[in-house]
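Chain lettering (A, B and C) follows the sequence in which the chains are written, and residue indices restart at 1 in each chain.
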């Protein structure tokens, strides 16, 4: 078992997630292979440029507070490639639009090592469930912290 | 510190959880010792057959969307046995019954290595909290993805 | 990569979190350097005594059920010091006060190894978001388990 490569791949994923929720699209780009293919539910992307452009446009909105939490890594490494699954719990809060999303999913990723650095070469998930609620159903709802405010 | 055994035990737990939420009871069974004892709150099981039978009957329902997320592994290994704690965050959504459960718990597990493979020999948790809400309190509730639909 | 030190630091964090949610302030104290500095949002603490005293007083309340879930460790070790980030998802339930809090944050920690044992020497987080809801908005809300009841 290559424990060092395993740790490197986990860190790659954590960095990808930190940049996603932190809206840091330059560092986010560095976690992806140029030819990455991604599929999140019905959203499909054929390369890194397409994916990052979408993220900048839609996830970069200051009224979209996101939390993507991944755990349960089951990763198999084969030389300079690897594949694995993760469980995702995500929350998306849109205070101005008055809307809250909660979802659960199983991520399936592939990774490739190029010049000693692991990159995400394929990613995507299948939803277990996802639901929306309007904040108007919770009249007492109060946003007490917003990193982007 | 036996880092390989530690990684194997973590993967065992992640597999157990993936099969639980994925309702894959055949693979779920493979993670358990035949003599496994389990206690989830007030639910007690004395062996694997009893436990898996219950899961098939009650968690296999297509109207029960579950997310069991475990983290914070604190695992001590002693030869071919091990014990450890995990934190659990779980969400159970029953759209037809109109009901949402959220819980937090501390898992306490024991593991045994048989023919080189780790199995769960004892498992269970103590709730920190658990609450239910009826979906009728959130009239705007909308299920936008359901793996089992 | 020092995988053993990395595992020790992760366990230190998990222990800190288990003691926080389990309201075990004696063991909680053992995870902290005497000179620890902590900053949780606007709350600032200049040493261990101040921090633990606050926790005993405010988090020790039996009407405060907490779940602090950390994942995504990105930890860099340099000899006997280390620093790292974690993602935090937290839920605080106050059934008597009729109040629920949900938050997400990025933790930034520093660690120090003293006599072979890692301790938290600096900790704190920046909120991504935090919100409150009054339980009166969910009339069907039912607490079905409470560790402290």
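Here, a contact is a pair of C-beta atoms (placed from the backbone, for glycine too) under 8 Å apart; a residue touches a chain by one contact, two chains touch by 3 or more.
This is a predicted model, so every value here is computed, not measured.
**Q** Are the chains arranged, by touching, as a line, ring, star, complete graph, or other?
**A** Shape of the chain contacts: complete, all pairs touching.
**Q** Degrees of rotation, nearest 5, to put the Cα trace of subunit A on subunit C?
**A** To map subunit A onto subunit C, rotate by about 120 degrees.
**Q** With touch defined as above, tell me whether subunit A and subunit B contact each other through largely the same residue numbers, more than half shared, or through different ones.
**A** Different, since under half the interface numbering is common to both chains.
**Q** Would you kindly tell me how far, in whole Å, the mean C-alpha position of subunit B lies from that of subunit A?
**A** Spacing between the chain centres: roughly 24 Å.
**Q** Can you tell me which residues of subunit B touch two or more of the remaining chains?
**A** Only 3, 69, 71, 89, 137-138 qualify.
**Q** Sort out for me which residues of subunit A touch subunit C in the complex.
**A** Residues in contact with subunit C: 3-4, 7, 11, 14-15, 17-18, 21-22, 65-67, 69-71, 89, 91, 93, 137-147.
**Q** Once bound in the complex, which stretches of subunit A touch subunit B?
**A** Interface residues on the subunit A side: 1, 3, 6, 41, 69, 71-74, 85, 87, 89, 101-104, 106, 126-134, 136-138.
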